[in-house]
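In what follows, subunit A forms one complex with subunit B and a second complex with subunit C.
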Partner chain A sequence: MLYREAGQFKTNYVADSAIFPLREDRIGLGLIVLAAYALAFLGNSFLLQAVMIPFLVFSLAAIGLNILTGYTGLLSLGTGAFMGVGAYACYKLMTAFPGVNVIVWIFVSGFFSAAVGALFGLPSLRIKGFYLAVATLAAQFFLQWCFIRIPWLVNYNVSGALDAPLRTLFGIPIMGPNATPQTRYLLVLTIVILLTWLASNLVHGRIGRMWIAIRDMDLAAELMGIRPLQTKLLAFAVSSYYCGVAGALLVFLWYGGAEYDVFNINQSFFILFMVIIGGLGSLIGSFFGAALIFILPIVLGIVLPAALSPFGLSVGADVIEHLRFMIVGALIIFFLIVEPHGLARLWQIGKQKLLVWPFPY
Partner chain B sequence: MRAPDHPVQAKGDVLLAVENVSLGFGGVKALTDVSFDIRKSEIRAIIGPNGAGKTSMLNCINGFYYPTEGRITFKGVKRPKMRPYVAARGGIARTFQNVALFKSMSTLDNIMAGRSIKMHASFFWQLLRHGPAMKEEVEHRRFVEEIIDFLEIQHIRKVPVGRLPYGLQKRVELGRALAMEPELLLLDEPMAGMNLEEKEDMSRFILEVNQQYGTTIALIEHDMGVVMDLSDRVVVLEYGRKIADGTPAEVKSDRRVIDAYLGVAH
Partner chain C sequence: MDMLYKVFIEPFVFMGEAPDLLIQTLWEGLVSGVLYALIALGFVLIFKASGVFNFAQGIMVVFAALILVGLYEKGVPAFLALILAAVAMLVLAMVVERVVLRPLVNQPDIILFMATFGLTYFLIGFGELIFGGNPREMITEQLFLPQGTTEIDALGGSIRLQHLDIAAAVIASIMIGLLAVFFSKTRIGRALRAVADSHKAALSVGISLNQIWVIVWFAAGLVALVAGIMWGARSGVSFSLQIIALKALPVLILGGFTSIPGAIIGGLIIGVGEKLGEFYWGPLVGGGVETWLAYVIALLFLLYRPQGLFGEKIIERI
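Coming up: the complex of A and B.
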């Protein structure tokens, strides 16, 4: 009886087109946000540093790719490189203008990857599907080559690596070796919530409908006056913006320093798997996907030894590692068979069932 | 249905003129030297046996194809070679022979998507979903709700169209085209695969669109009963050539049309 739409009448179009029309959904969302902030004060630094910060960063990157692949239907394998553009741009900006707060530069660096993304999105007018994926693969390799070969990008640093300089906000270190996981987590959390909210606004409005129209039936979309090139390039730009910000967060607020190798093709695939398993065309799915692919192996790494030890099975770390891969792999296949539309669809179905519970329909 | 004494003369000025249009794909000639016009506020039917070039004709009109020869004049201006979205922005809407809806979107969102070209709130406001963006959203929602009422599809407003039966999908597609407030509405077999009742509903909607909004309609249809009842004028194509043009009564008694449909006695 906790989750019912009965009695919630919409009397105007603003209320009816709300993103969360159900009161219970809004309350639930509020609680989740509250819990996420509370975690900064309750969780230990391992949880924040090794689980929550990367989870949020990958969720953000997955939202970025979801806008492109899930909403607009354009397959991209350049996610890693677009994340890299954001990270390198952020590095250049914050070292060139140390006076400006680094939070500003994190947001601005996204625009650089948006521009690069739009540039590599140009072939999307003519090609689709796997062919486009190959074109974005070119972006991946070209940009990674740039990261290696252009020492100017790392300020001629001999190690060729990016490092997070000390930066503060109101005197509190938020970046660099002195920043605590707690402050970094709070910063990442706030940025991710803000950008998720903006993305959700975007996909529920006119632009989101245009993207989905292009994905579902591009010819019909064009016959309704939707310009295919502009719409696709906008998707590339917005998507790359999100990836770029995620890349900057990844290097400077999670790793604290990184080499070009972080932004390789594996990273692109990693994010793509999150999007596919989480659910194409769903923002919440991006979080589910990141959780399944990133957090689940960590949880297994802790749970498995504990679960096996009562049986007198003391297994080595290498076996645990193998088991982790096997279980995660099996679960991915299981979920894709049960629901090819991803975890987000399972979530949707679960909520539908809960609405009418205990009756079947 | 329309009273028999309804004036069947051509109405209004010429909205769209097709002059000596030929269309070839390599060696295949889809259209050969076809000329006809569509006048304001009329219902113009394009009929012909399968493969006669009817859909190719529509594709030329809305910019999918560019005629290899001849020209198309819309609102008195010769049409340049253009992308289909330019034709759409110029006021030409269309439905498809095989339903081409956005399957994952709800009925409401499909019709709202048809309003995309009428919406102008900036990217910034869209990000915030506030101010002008929300005002515009509500304004267009109101218009879309009128279409939903008109087509009697209130009950499926929030259902993803992929789940709807075929007849309703066709109706939603008509709604999406109407959302563009077109001057010229091209309907490619709006009644294909429908039962009698659905055909009657669809005919009623087509007539009402034409009479209430004064929308000019060009339609392709195989059901002769429907064509003869609905249309003001009929153009008949066969093997890419025009073989007859006139009022339904004239066309019906035309020797060549009868031959094309029934075959020639040898």
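Coming up: the complex of A and C.
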């Protein structure tokens, strides 16, 4: 009973196909975006650097995987590698053409990982389900091997690691050791909002419906005139584009430098967790999933020692780490049992309850 | 042209020139293939009976081996430790059935798959909490596993056979034979196959799904224990074994998820292909191809047979 959705009539098709048809949703979203920007000026640098920037980066990667797994129904375990392609492409581009603004290269680097993703998506035409998941593992391990073995990718530097050079926008450093968490957060936030907006338009439009048709039953979709080859490859390309951009952001705007090991198989699983816990086929679920999976261990790391100390149990850091693993694992199972459709469904149910509260009938 | 020569001619010339090296490589490939197949067997067992793609199989291997070694270090005699480890796997199977599988009945495959991910994380944390993260030695002598090597002089060189590898191959063959008999001859085995065909039909003829799940997870746990002993004897007991267990996945898709012979043949193809590729073609691209070659081999096979070599034919209807 906090607000009413009734009485908002639509009188033309354009209004009917709007992504947020309800005024309250638009206002709410506006407030969230505003709060996110305000956080840059209110939050301290630990919050921005250690929580918000990675949260946004992982959300972007989760959106990418959600497009592939949630909307198109193609299970992929190669996310980490596709993120890596984006990061390495970005590094090569911005060191080869230092004159062009780095933001351009962040967006362009996604196209490289889109191309690689489409290439590794080719088997998806014949292989389905878990078989495809294992086939994408080929991409994961092969690309990771490339990152290690091809020194050209890191400009033959001895350490074999990527590092973020100093880059500026309007004279303000946005990348490299001098950039403050604040500016990096603002940049990441803007890119993520832009790409999320693009994604929500994609999945609600004709292309998104094609993806969903392929997911629900690819044979039937084919009979209805949807071309499986183009649709599946497009899903792979778009998904890898998002992952690639997320990878570039991860290395250059969060870590500030990284080795190939960042893009290992665990990263792929990590993103898959977020997508499934958040909710398959839901953009907002990607954010929820990223929040739960990424922020939960941080919170546990702070809460657990505090919770155990009153009992005289001062435990070492390694025990906390093990407990964290156990709790995260148990929570994954718990959430799957409570709501297999993910946090996005819980959010929907909650909204519905609020709408009819306090009279549930 | 030079590259083509190096790829297509030179390795074969080398094979012809040094047949002893070829045999040695083939043997190593076969042994690692058998060991991959052992891990893959656990996956197949669970997938056959419950349709769950059990990602936790890899950590179960580590966990079983850790319990065995951990108990032995506490002073429990080796064979008692072996039995206790088996009991622990039974307890694990019952807990998994009660806590994870039963509440998730009738959910989509991917949800169950994710649940086993959660299980993996839990077991990693639990195992490290109890046993610590340090790698350990497998108690090979106490379990009467043979050690040492035999050298056979043949083909203008000598071929070294590790006794442990021979034992691994023999034990794996025995396990596979036992499982085959179990699946086709016993009452429970037939019930398992019925459950694999259709949960509903199995329920309607009075097969208890819960019981079957406990049995099959226990069987997979036993396979994991054996795999843990064998892998542990070769490369030590540590959590990095779990990454090796991922290698069982290409074996699985190559052989087909539902086929026990498929797991064996798949394991052998992957093992041999990987070792040959690494030894003869690896140096051309700078080595280390072992990490991904298995997956690429599996991918190539899949393009011709999307259901794997021995998998049931996939029939799609609208």
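Everything below uses one rule, namely that the second predicted complex is superposed on the first by the 349 of 361 C-alpha atoms of A that agree within 3 Å, B and C clash if a C-alpha of one lies under 4 Å from a C-alpha of the other, contacts with A are read in each partner's own complex, and residues count from 1 in each chain.
Rule of thumb we're sticking to: a contact is a pair of C-beta atoms (placed from the backbone, for glycine too) under 8 Å apart; a residue touches a chain by one contact, two chains touch by 3 or more.
Bear in mind the structure is a predicted one, so any value in this text is a computation, not a measurement.
Of the two partner chains placed by superposition, subunit B and subunit C are both touched by A:220. Once the two complexes are overlaid on the shared chain, A:145 sits against subunit C while remaining clear of subunit B. Of the two partner chains, subunit B is the only one touched by A:228; subunit C is not.
Contacts of A:256 after superposition on the shared chain: neither subunit B nor subunit C is touched. Shared-chain residue A:204: touches subunit B; no touch with subunit C.
Using the contact criterion defined above for the overlaid structures, shared-chain residue A:28 touches neither subunit B nor subunit C, since it reaches no partner. Residue by residue along subunit A, subunit B and subunit C are tallied for touches, and C comes out ahead. Contact with neither subunit B nor subunit C is seen for A:176 once the two complexes are overlaid on the shared chain. Comparing the two interfaces of subunit A, the one with subunit B and the one with subunit C have residues 217, 219-220, 223 in common.
Of all residues in subunit A, only 75, 123, 126-131, 134-135, 137-138, 141-142, 144-145, 148-149, 217, 219-220, 223, 265, 269, 272-273, 276-277, 280, 318-319, 321-333, 336-337, 340 touch subunit C in the complex they form. Those residues of subunit C whose C-beta lies close enough to touch subunit A in the complex are 53, 99-100, 103-104, 107-111, 113-115, 117-126, 128-129, 133, 243, 246, 249-250, 252-253, 257, 285-286, 288-289, 291-292, 295-296, 298-299, 302-303, 306-308, 314, 316, 318. Contacts from subunit B toward subunit A in the complex involve residues 62, 83-85, 87-89, 93-94, 96, 100-105, 109, 112-114, 116-117, 119, 121, 123, 126-129, 133-134, 136-138, 141-142, 176, 180. Put simply, subunit A touches subunit B in their complex at residues 12-14, 16-17, 19, 198, 201-202, 204-207, 209-210, 212-213, 216-217, 219-228, 281.
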